[in-house]
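Read through the structure below, which is laid out as structure tokens, and then see the notes.
When the chains are written out, they are named A, B, C, D and E in that same order, and each has its own residue count from 1.
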Amino acid sequence: MIADNPYTLSPAAVNDLRKHQSTALIVGIVGMLAMVVGFFLTEHGQFMRSYLVGFMFWTGTAMGCLALMMIQYMSGGAWGMMIRRSLEAGSRTIPLMMLLVIPILAGVTVLYPWAFPGADHLKAVHDKRLYLNVPFFVARAILFFGVWCLLMFLLNRWSLEQDRTGDINLARKLEKLSGPGIVIYAFTMTFAVTDWVMSLDPTWFSTVYGLLLCVGQCLSALATIVAVLILMADKPPLAGLITKRHLHDLGKLMLALTMLWAYLSFSQLILIWSGNLPEEISYYINRLNGGWEWVGGILLAFHFGFPFLLLLSQALKKNPKTLRIIACYIIVIRIVDVFWLVEPNFNKAHFQLHWLDLAAPIGIGGLWFSYFFYQLRQRPILPVNAPDLEKALNHGRHH
Amino acid sequence: MAIPLQPIELPDEVPVGPIIGPEENLTTVTDKLAGIVLRRKTGYGWLMGFGLAFCGTMMLLMAMTYLFLKGTGIWGINMPVAWGFAIVNFVWWIGIGHAGTLISAILLLLNQSWRNAINRYAEAMTLFAVACAGLFPIMHMGRAWLAYWLLPYPNTMQLWPQFRSPLDWDVFAVSTYATISLVFWYVGLIPDAASLRDQAEHRWQQVVYGIMALGWRGSARHWQRYEKASLLLAGLATPLVLSVHTVVSFDFAVAIIPGWHTTIFPPYFVAGAVYSGFAMVLTLMIPVRKFYHLESLVTMRHINNMAKVMLTTGLIVGYGYMMEAFFSWYSTNTYEGFMYWNRMTGPYAPYFWCLIFCNIITPQFLWIKRVRTNLIILWIVSIIVNIGMWLERFVIVITSLHRDFLPSSWGMYYPTAWDWAIYIGTLGLFMTLIYLFMRAIPMITIHELRVLVPGGVRSPQPVQPQPVKNI
Amino acid sequence: MPQIFSFSSNSYTRVGIIVGLITLVGVGGLLFQLGADSSYATNEGVARVQPVQFSHSHHVSSMGVDCRYCHTSVENSDFANIPPTKTCMNCHSQIWTGSPELELVRASYRTDSSIPWVRVHDLPDFVYFNHSIHVKKGVGCETCHGRVDQMPLVYQKGSLEMRWCLDCHRNPQKYVRPHSEVLTMGYKYPPNQEEVGLQLIKEYKIQRLETCNTCHR
Amino acid sequence: MSHSETIETTPIYGIMAEFTNPYDLVTAAEKAKAAGYYRMDAYSPYPIEDLEEPLDLHDNRISLFVLLAGICGATFGFGFLSWVNTVSYPLNIAGRPLISAPMFIPITFECTILAAGLTSAIGMLLLNGLPMPYHPVFNVPRFARASQDGFFLCIESVDPKFDRRETALFLESLGAEEVSEVAN
Amino acid sequence: MHDQPRYKPLGETGFFADKRQSRPLIPGTVARGDLREATEFYTGKNTTGSAAEGTDDLDYFPIAITKEVIERGHERFDVFCSPCHGRLGNGLGMIVQRGMKQPPSYHTDRLRTARPGHFYDVITNGYGAMYNYSAQVSPRDRWAIVSYIRALQYSQNVNKTNLTPEQLAKLPVPGARPVPGEESIPDLPIAPPSPDQMNLPEGAPLPPGAPPTPMSPSILNPPPAAKAGEAKQ
């Protein structure tokens, strides 16, 4: 790290981040303790499901950071430059999530119906034993995390190196890795969510599922990063660097991802609903009956309709305060979405919200944020030697 | 758009080149593009190309006449493959029609100024491709003269179209798309028509372009509303583009035919449409750029960016194939599994593998920058992608239908000479329209290009408009 | 640059646009009227010239011949048949035996060839229609065919458009009659037809058949 | 200077100055505004955002129109489909509810876009008063450059501060390449 | 679509010499369920041999005669027979008034004593100037018409002493109460009495010649054809 880097976080900003880090850590530890209590008090299946909700959401956020980072290397654009370092910090939490996957791997036989003893009598399970078996499941999880860590490691390392050396070739290398990296991300994540979430109902399948969850992850990541970016925006060095135009662009991207999520969700709904095939429709029957339809309605209204209308407004996108509120709001509603993906597979009869469903995302989220803030203050907030930085900073300054 | 107070910063990739050549200024840009329309003599190259394309149009008209006299029995369609070339070509053309509005709309929203040089051309292509696409469902109806029955109007049957059928959504989506594309295109044309009007040398040209220009005078008040309207249109057109091919994918996916009914279809069809659309833009743009000496306006940067878009969308399409293949096994559904196995090994397997080669393997070369910037190779790749995307629709339509649920209902599809005549005829119609467009309207949006001119000023000394050389 | 268009062209443009729009709507409406609603399109009310100038008015009103004397299958078949020449000859072997108008009938009977009657009520082939069920459910002959007893030459009384069918299929109570009045010509509906109709619907178990495959099967 | 004594008595539309580049035009507009003129318009071959301030270009009505049209289109689309499927022509399709909201979305969406899109184009033309084939500014011979490479500022005679001679001199003082009267 | 290339009833074709799309049945064709094994029912002739009496006409009805059957017969009679035979069977139908040769009245001793099979045979095969009606009237309807002819004959030949005073009082005066809708028929001497005037138990078989009630809805739904075994009773 170069001492005279103008974009090194100011002591005030680092202090802020430290404070946030310890707050998050406390929340995380309290949440984790609650989960430990929950593990002993409640049925293990419930514990695992709630844990899965938290794990999926925060893994998704970390992975979304990685994906967005690679996308911004590919597409360029001022928005990417402003959040690149935050995305990097977000991606560096992947090893933490790798640790947190262990309970899932340990609890496969409690969580996944295909791994229950005697599940073989289900034809669907029997026929896909080649894929859905515990050793392969564990191996895949390790492989996925390995690949992701590798991507994360290389991208972060080169970016830091660029700060130091300003070698133009590093920019090329970053771009060259990002292209295939996105492809790798899309494929591995598709299979990962097939393993971790879709196989909760081993008879059900949907080809758009992977894409849908990837988009959701990018949205979670973007909302998280935007919220954090604005948190730091009033302290040097970011103060004065972030223009309304940057925020506007980020808001537009959030709008685009919100619409994309709605588009893919709608596509899946209308096709399965109109096809009405028994092996597919069970998914929506579970989710549109017994109280779950309210969760679905909430997602329609508040994961799409409400943020869509808010983000249409230019004024709200350009105002840091309102944009941060919208970003925080999107994080919350994203958790509801993950909850809706996971839980109705089990509580088929009626809607049920266990207190662990709140404790797990909050607990894991606390740990995640704490680690994220720690990572965030390790590096300058802007990549000083990135080729387009000057242009990105000037973005929107002619007004 | 702001005035470019300083020259546009050259991007990092200097070897690829800037958006617009540094030798251009306001005067030369206007003269060059207006000159192609107003002062260029009709060359033999144009006449020959147009003549060939016009022959294709005539063939189309003849084939359509015979079709309307005899009915769709002259085609190769029959049970079980009741959707043959008509639907394959419809989807193919509609897909090609996606690049234009996408380039215009999304890139305008994203402030990607490199769109400016190609959007007019791409939009015109959209319109013509949609026109060709629209013919096919109408022909496929059999009684084309009753096509207006598709529209909801109070009729003597006192019924409405089936609004819950994706085939009816198609009517809405395609007609809305055609309307909005036309409006978008025309709105973009108004200031350029004014330029042509003011440069015209003959009275009839002044009147014709004067009417087209609607009295546009470049008032700042007008420009302000114009910019707003363009932005709004772009904002509306972007989801519209996505919706059109989404609806086309619903035509298939709402049914429960294995190979059609799969949830990835909407995004995968949209990506495929953009893929083939950009391939078609490149296929046409590379020769046009050469013949009309537009190298300084359609720069290597445009070409490179379009190639990148092709690569991206090609990868999404490849992702779609992979998901279909994997989930046909993962579903453990007999019919799904058979469908994909049959695609890979059945009677149409050669088409399938051809398609994989054209759509998945060939574009991988676009990872290499040298391929992206080599015009000849890129042109060949874009043609291969066009063929591949046609094959994709062929495989989706034919292989899913030719093996019905009961082996007793299995069959094969053999297109007849009339199928081919109509397909090739629409290519002729498309090219005819493109040729006419190139003669009558500036291929490149002049007023948007002016924004990119370094300094935004006129020539230091008055430039005498020179008649452009013939080809 | 000199002005290309004169000062008045502004007014021409505006008037032209407004007049153009009005014309477009007007011409559209007119075409619809002419194309879909006229007797040219529907053949409504157009009397057909038949090879033999058979008068329903004479045979029904003056002679009191029952519809079913000739159209025997109307009650138990989808098709209310045109009678064979022999049915004509039941009487005309005895009366009007020398009439030149009837020569074609006699020739037909002699040579066992068909009289090429011109079809008046011709539904499209994609429409399934069954006479017997309509007769059984209390739809009068007159409801669809009009006062045949007053037609010297038969013409099509209804438009036979789909909305014409649907009008009754949606609101059978407007038209249904008691069974005893099915063949009646000039039936006077009771003032409380709506009530009577609803009662008959219940009694005859009439369904409001509006699904596509009722007729398009 | 092309105004002559002979036409001085006939009313004119305004006085127009031509500039060679956009920066001069913007500066001139700013100065004209500072001098108290407000009935003026600039003409250029491409949109110039910096003219917003001096010319008070703040017409956002078109966004409102488009929004309203979009809402109307969506309401009409969904309402029409609901009416058709429940009142006018109810049909049981595979046992699904008559108001099958997901199946109505595509057409509702297309109606929204169609209404909003047409409104944005037609609204732009109407607010701009187009089509208007005849306009006084076309009487200026050099005005043909406005659609190519010329930048013009026209102070209209309806401006309260307008004075034939004063205004012409004022425009000349702004560094205009050519100042001419615009016949009505 | 509107006119599909398919054969329809009474359609025209250039393919066959007679230009008819409907083809005649191949001789010997038997429709399913139409083997016509019950010879008496279908021919009206006696198969067991009573030719000694000079006629082989069936002397009984091969179907059970109920009120419904007679009503059906009434209706069919009015449709097919009354134009010549007149509503009362007196041979003074409308066509006869227009020049047709007058058929014999049913109310003669010869026809009163004629066997049911005779009437059936006339309908089936024609008689004198009368063409056969086998195409228009189904066998079951023919028997129903015969039963109604019997009722007509009975109604015109009642011995007043067989009637109760109440029935006598109800007897309409000629011309005083025309049958609804038949005002135009001038030669109606007497309206047939209705069954309730004859005090018959509901559903009981009527004696031959019992007159019908006014048309009721059930007429259009004739009961299923009687089995051959029942027909013999």
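By definition in this document, a contact is a pair of C-beta atoms (placed from the backbone, for glycine too) under 8 Å apart; a residue touches a chain by one contact, two chains touch by 3 or more.
These numbers come from a predicted model, not from an experiment.
Student: Along touching chains only, what is the step distance from subunit B to subunit C?
Tutor: Minimal hop count between subunit B and subunit C: 1.
Student: If every step must land on a chain the current one touches, say how few steps get you from subunit D to subunit E.
Tutor: The fewest touching-chain steps linking subunit D to subunit E number 2.
Student: If you average the Cα atoms per chain, which one ends up farthest from subunit A?
Tutor: E
Student: Could you see whether C-D or A-D has the larger number of C-beta contact pairs?
Tutor: C-D
Student: So the centre of each chain is just the mean of its C-alpha atoms; given that, what is the distance between subunit A and subunit D in Å?
Tutor: 44
Student: Can you check how far apart subunit A and subunit C are, centre to centre, with Cα atoms defining each centre and the answer in Å?
Tutor: 68
Student: Report the inter-chain centroid distance for subunit A and subunit B in whole angstrom, where each centroid is the mean of the CA atoms.
Tutor: 35
Student: Report, in whole Å, the distance between the mean C-alpha point of subunit B and the mean C-alpha point of subunit D.
Tutor: The answer is 30 Å.
Student: If I count partner chains per residue in subunit C, which residues reach a count of at least 2?
Tutor: 1, 4-5, 10
Student: Of all residues in subunit B, which are in touch with two or more distinct other chains?
Tutor: Correct list: 2, 158-159, 197-198, 210, 215, 239, 246, 250.
Student: Two-or-more-chain contact residues of subunit D, please, as numbers and ranges.
Tutor: Residues 91, 103, 131-134, 138, 143-144 of subunit D touch two or more partner chains.
Student: Which chains touch which?
Tutor: A-B, A-D, B-C, B-D, C-D, C-E
Student: Enumerate the contact residues on subunit C facing subunit D in the complex.
Tutor: 1-10, 13, 17, 210-212
Student: Please output the residues of subunit B touching subunit C within their complex, sorted ascending.
Tutor: Touch residues, subunit B against subunit C: 155-159, 197-198, 206-207, 210, 215.
Student: Where on subunit E does subunit C make contact in their complex?
Tutor: 1-4, 6, 8-10, 12, 18-20, 78-80, 83-84, 94-95, 98-101, 129-131, 133, 135-136, 184-185, 214-217, 220
Student: For the complex, which residues does subunit D have touching subunit B?
Tutor: Subunit D residues touching subunit B: 20-23, 26, 41-52, 55, 57, 59-60, 62-63, 66, 70, 80-81, 84-85, 88-89, 91, 93, 96, 100, 103-104, 106-107, 109-111, 113-114, 116-118, 120-121, 123-125, 127-128, 130-135, 137-138, 143-150.
Student: Contact residues on subunit C for subunit E in the complex?
Tutor: Per the stated touch rule, the residues are 63-66, 68-69, 72, 75, 79, 81-82, 84, 86-87, 89-91, 93-96, 112-114, 116-117, 124-126, 135-136, 178-180.
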